[in-house]
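Please go over the structures that come below.
Consider the two complexes below, in which chain A is the common component and chain B and chain C are the respective partners.
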Partner chain A sequence: METVEKELLALGFAEVTRSDKRLNVTVPKERLYETARFLRHESATVYDFLIDMVGIDNGDSLGVIYYLSPSQSPERLLALKTSAAGREQPELFSVHDLWDSALVYEREVYDFFGIRFVNHPDMRRIFLRQDWKGYPLRKDYDASPEVNPVPLENEVIADMERTHSITVKMGDRIETTGYIFDNDDYVVNFGPQHPAMHGVLHLRVALDGEVIRKIDPVFGYIHRGIEKMCENYTYPQILHLTDRLDYLSGTMNRHAVCLCCEKALELEVPDRAHYIRTIFDELTRIASHLLGWGCMCMDMGSITAFVYGMRDREKIMDIFEETAGGRLMANYNVIGGVARDIHPNFRKRVKELIPYIRRMLKEHHLLFTGNPIARGRMKGVGRLTAKKAVSLGATGPTGRASGWRNDLRKIDPYAAYAKADFEEVIREEGLTFDRYVIRLDEIEQSLRIIEQLVDNIPEGPYAAKTKAVIRLPEGEFFQRVENARGQFCVHITSKGDKFPYRMKFRSPSLVLVGALKAIAAESKVADLIMLGASLDYVIPCIDR
Partner chain B sequence: MYSFTDITHWIDRLLRNSMTDGWTLFVEFILIGAVIMVAYALLALFLIYVERRVCAWFQCRIGPNRVGPWGLFQTGADMIKILLKELIRINRADRFLFRLASFMVIIGSICTFGALPFVKGLQAIDFNIGVFYLLAVSSLGVVGILLAGWSSNSKYTMIGAMRSGAQLISYELSCGLSLLAIVILSGTMQLSEIVAQQSEMWFIFKGHVPAVIAFVIYLIAGHAETNRGPFDLPEAESELTAGYHTEYSGIQFGFFYLAEYMNMFIIAAIASTMFLGGWMPLHIPGWEGFNRVMDYIPSFAWFLGKTGFCIFLALWVRWSFPRLRIDQLLNLEWKVLMPISLVNILLMAITVIL
Partner chain C sequence: MEVKNIRIRNMKYGDFNDNEYLEEYVNELRKNGVNLFVGKLGDLINWGRSNSVWPLTFATSCCGIEFMCVGAARTDFARFGWEVTRNSPRQADVIFVCGTIVHKMAPVLKRLYEQMAEPKYVMAIGSCAISGGPFKSSYHTVMGVDRIIPVDVYIPGCPPRPDAVLYGMMQLSRKIKVQNFFKLPDQPQVPGTVDHQTEANGNS
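Let's look at the complex of A and B:
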């Protein structure tokens, strides 16, 4: 860490501070691209993983925070901060040529804050309608319904949508518009209502016979503005929204927000809560992977496998119901611990579940993994190299299937993960089959974690005492957890109030759709659906 | 063994007594047509019920069990619902072809159904080129599917129809070649004659290894002809929503649905007629007592039993395997099944000569 700090100070214009484990670097907006390129290519530690971009309205200016991390040592964190001058036409230089994930992140910042990124090839809004007026996450946004009335007329989905971009050549600003598809492209809409889209993602695909030429994902069909809602909710209220992001890893998302608040409050969480949280996280992961496995099999045409996956997941839902009351939305973690103590049956049920899932895993391998048709379908398709995975920010099982070690449970253990002995499953090839089989292997590892923890849950209180009204101290807080799809991150900017000033969630699914674009090009249309399922994205997490 | 010709001749005599020969023929045609169509619809409804129960059994579910005893009337209720549904008019579709398509599919399948020898003495038409006729008429369906895909004015249906065209035309080859092996063995194309020749021993035993190979190839290729999983690319629910019949609603969709199930029945029935002796009981040369006992089992039980066995195989495969991709599908046909069938015909010819 020392060398990077020195190198950055040597640049002359960067202000460097340290707060808990991360480096904060502030640069003026003219020097942003220069610093980013330095960190990406030239510094001693190569920061090749752009975790997230957080836009923020500082009142007089609009700022952006780039969270960076080296892919080889993901426990190190660097926050690169800058702010664009003025509120009328704020502009920053795009970093999409350094990190592929910036392509979507910059569109998101543009959508919500109106900061335009020079050199970005496609400056469309990403979640809101193209004709939306105003930038919703700015503090002076006018939310009255007269500004953006609900359109009551039937609208034909246009294949030919315009893209905007700004480039600077020889000191001149050039604004250009282009089209996504050519006039003679055969564009097929997959979604927003489509049996194979897990949710309401809309893919526009240009086909040449059965072969895919171009993919353009359209997001935002179920965008609920959760980040905006958070600004008017107290912290305990916000917890309830997190389950609704990635509904298949609700417990883990909630865990992230709880950890972030506890870190800010410097709250000591009892060990019992840590153990229970960890077991719940792993149960959720198993449920999510089982469903992901089932969905992928169904997308290849094997409906029986899907039903089997659902059947096994049901047992976990029953355990949740007994202890937490909720099934899909367990609503169990609270700031300081968990909402209530575990049910007396909990241990027994979990111990019955472990051998059952192990037995069923064998059956699943027999039914599907060894099936010659399934093998033939997954063989040699959808290669995602480790370098591309890092550049796209494809964390979680997807990244690990490409050989990138990014499991936060190992790298930066939180809760009780340090007390359990388990392996981070890594595969090298990055093919569809690796992404398929890694989920089943991770279920096995999750079972190991649960097995070790469930008998050793320490006695004591299940939650720390908190004040009736929770106010976070002034500052910026950032927390990452490993959810079933990758790194789920929470950024909170607090002004010492009981509401956050700005809350940002990093969705691991958003960049996975970017990965779909990368791996599905030139493959068959039948594989598009399978590849999408192998990445296992969840749409409500993308459309926050 | 009891022959149904007694009943049919009795009806024929009754009609001839009361009207001229021309009218008798006319009334008989109408009667046969009506019986075939009713049997077709009822069998299809029952098959849908069976499929739902069997599929539920594979998937650890219960399946329909509320309407009637063991849910038997569920598909009847579904049919009433589908008859009452609105036929949605598709914007800018070719309406004539759009309507024609569903009829083409069902006509092809009814024509094939009509020529099957169900029970001893119960066969509507007994052509001397029966096998040829079955192959020719059953491939009418692909015209309907192509028309449906083309006339719906939708991209999903278009892709589905093109896939279907490629698939059906390819698999028709293996289907025909594997049946040809049996034609070589029997020396006739007449279905009644083929069944009669199996009175000593079924062809699958009589034809040694080539017959077994032909049987397996016919089951695979025939299964592909019915557009059912793992060969359901033309429908490919996960990418094309419903493939060539995406835009159809109400009873027009019902026609496709019925035809799909009846094609499954027809393929199974042809397989049992050509390889497993049709309605002929299991006879083993030399075992007189055993053969006599087998003869006590009525012929329709033999036919339905064998057909049911083949249908169960089809369901088993459908609910266990994932879907193939188009290139794998065509590879399987042109690089595996077709060469094997060609060699198999040669083998069969050698077996017959020896």
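Let's look at the complex of A and C:
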């Protein structure tokens, strides 16, 4: 028994079970905050990384699952569960003072389930319009278009920035409303329609001269309701939606769902499939980083870099197209393996690609990394400390640029990553330049992985046989993979049906916008776009 | 005011097309060594218009990445004069709707469209923009942009390949070429939306 398990049992009210390397802790809602604070500050293992919050409608009550992990050993996982009694006015205590990422996660749970968090300073809907009727992820939600017709007018700004909060002081419950910005604030809108926002993010920025005082990101301009749709789709159908979440890491997202289902089905996936999946994941990562690099350079005024990045990316798209049939949406992983065997040219093409990209990486460094103007702009701005990165849950290259080791390929290897020898690139300072350079360095590591695997793809079947109708056994399943932006996680609650009861995706990008808030405050407005680009978020993944 | 049939008494309709005197001028000028070319002004304008269409960058999701590919090195739509992508609707001729349009975005898209100067065109790229596509069963998706703004060209695919986007762009070029610039057709009305122009006229 682990120490933390003993400690939790000693509290007296927590039920602790263990499943699949994960501790499940169930507490009554009155004790939630207490347990959370204990795990965050007092226990022997400090759980300082809140991975995700999953809201769930259990019929008679609404529940929340907090997935936690210690930042120093992210392979350990703890699921803290509680339920808010009643559907009329469900309330829970907020944990935003323990983990910064809870600020957005709690708003999301409120938006989808209507659970309000006491002490949360800003209980607004996060994706839907403030005037939206109903909570879409509840099971009794009325989705008919008459209830919520397509609006013809923009949302009123005053509605958008009116905050609600509930506080409890000495037994008294106080509801307050306020505004994000003061009357004197000089507020500038960025987006939602502008290519520099990398999608349809809408930032409302309060300026003092040219210094940023406050940022209020508005999400939801591409909220497609994927999680709700999943509840009516079979597992193989769901796979197609995952590619369209973070389309630049489509293969990896799909990999996560496949792994999760395979784990639940206890399906043995052939080695060949593992190797092919790993190579595809790494190719996708290279393509994504090349695009991210190109866009970041373009945001700093260098359009040539964008064209170069896209040119190299096309080569990877060709490889995808030959084997999988799709370019951007490879639609390649399936439950049990991959959709079809690799093309006879695959190995040859990949082996041609590796030296090419290496050569081009040198050129990219020569072109832009060494450019004194670019260096001057990137150095010294946008510092994200490791502590803040952990608290915000900023995983992936962003976290690693701040010195936080969180690469799941290393700490919790899946597929064929354990078979390859590569480094987890870490930088210490967490500045814009670090986040820029780490992507190029990761491309090099990805090439190394591919190089070692491509010649050793074992013979054998490329997919395991599955039943025609895939039903997951009853239970809760959770799977993480490392996509190009950080930890992408899938949570499935199954009731033994061919549809999931609840499906939740953790978007690594959502918290990156929180990181933008942290690093852009007090910097110059001219740097805002560059800082956003250095985090490389993908908006449809945030909005889901 | 109702426009009546205008009757012209002293000149036959056929005479309008009789340009003999123009040809005489031309011949005379050519004889004296002037290089001269006669054509319709409308054709000239359309030739120019169809070869310098400025798109508004409006990419909400995945299809936007393929749109970026169209603009980048391999397919390069600069060859067709489309490369001046504009970030402001006031300078754009065509809006490429790349990606899903959801409820919250719908009024934004409509406003962008209204801000564009006439003549303006709309291309719906990808199944999402055409009909809601893979997100047809979602509670927050608009089932096709033609419910909010009129569409000229539909390019199917999820996402359409860059070549498909190029093909669609050429179709729009063709459409522009055959239009009469001096008498552009009225913007089609989209059912269920309010036409601000007629509303304004009606009130006056």
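Heads up, the rule we're going with is that the second predicted complex is superposed on the first by the 535 of 544 C-alpha atoms of A that agree within 3 Å, B and C clash if a C-alpha of one lies under 4 Å from a C-alpha of the other, contacts with A are read in each partner's own complex, and residues count from 1 in each chain.
Criterion: a contact is a pair of C-beta atoms (placed from the backbone, for glycine too) under 8 Å apart; a residue touches a chain by one contact, two chains touch by 3 or more.
As the structure is a prediction and not an experimental result, all values here were calculated from the model.
**Student:** Taking the superposition as given, does A:I354 touch the first partner, chain B, the second, chain C, both, or neither?
**Tutor:** It touches nothing on chain B or chain C.
**Student:** Have a look at where A:I411 lands relative to chain B and chain C in the superposition and call it first, second, both or neither.
**Tutor:** In the superposition, A:I411 contacts neither chain B nor chain C.
**Student:** Now for A:K524: first (chain B), second (chain C), both, or neither, which partner does it touch?
**Tutor:** first
**Student:** Using the superposition on chain A described above, determine whether A:V118 touches chain B (first), chain C (second), both, or neither.
**Tutor:** Once the two structures are laid over each other on A, A:V118 reaches no partner at all.
**Student:** In the superposed arrangement, does A:A374 touch chain B (first), chain C (second), both or neither?
**Tutor:** first
**Student:** A:V188 in the overlay: touching chain B, chain C, both, or neither? Say first, second, both or neither.
**Tutor:** first
**Student:** More residues of chain A are touched by which chain, chain B or chain C?
**Tutor:** Result: the larger residue contact count on chain A belongs to C.
**Student:** Return first, second, both or neither, reflecting whether A:S302 touches chain B, chain C, both chains, or no partner chain.
**Tutor:** So A:S302 only meets chain B here.
**Student:** Give one of first, second, both or neither to describe whether A:E210 is in contact with chain B, with chain C, with both, or with none.
**Tutor:** In the superposition, A:E210 touches chain B alone.
**Student:** Taking the contacts chain A makes with chain B in one complex and with chain C in the other, which residues are shared?
**Tutor:** 194-196, 307-308, 311
**Student:** Provide the residue numbers of chain A that touch chain B in the complex, in ascending order.
**Tutor:** Chain A residues touching chain B: 186, 188, 190, 194-196, 207, 210, 297-305, 307-308, 311, 367-368, 371, 373-374, 376-377, 524-529.
**Student:** Which bits of chain A are touching chain C when the two form their complex?
**Tutor:** Its residues touching chain C are 127-129, 136, 141, 143, 148, 150-155, 192-196, 199-200, 220-226, 228-229, 232, 240-241, 244, 247-248, 291, 306-308, 310-311, 313-314, 317, 327-329, 539-540.
**Student:** Taking the touch rule as given, give the residues of chain C at its contact with chain A in the complex, in rising order.
**Tutor:** Spelled out, the residues of chain C in touch with chain A are 57-62, 64-66, 68-69, 72-74, 85, 87, 99-100, 102-108, 110-112, 134-135, 137-142, 147-148, 158-159, 161, 193-194.
**Student:** Please give the residue numbers of chain B that touch chain A in the complex, ascending.
**Tutor:** Checking each residue of chain B against chain A gives 58-61, 155-156, 159, 163, 229-230, 232-233, 236-239, 241, 319-328.
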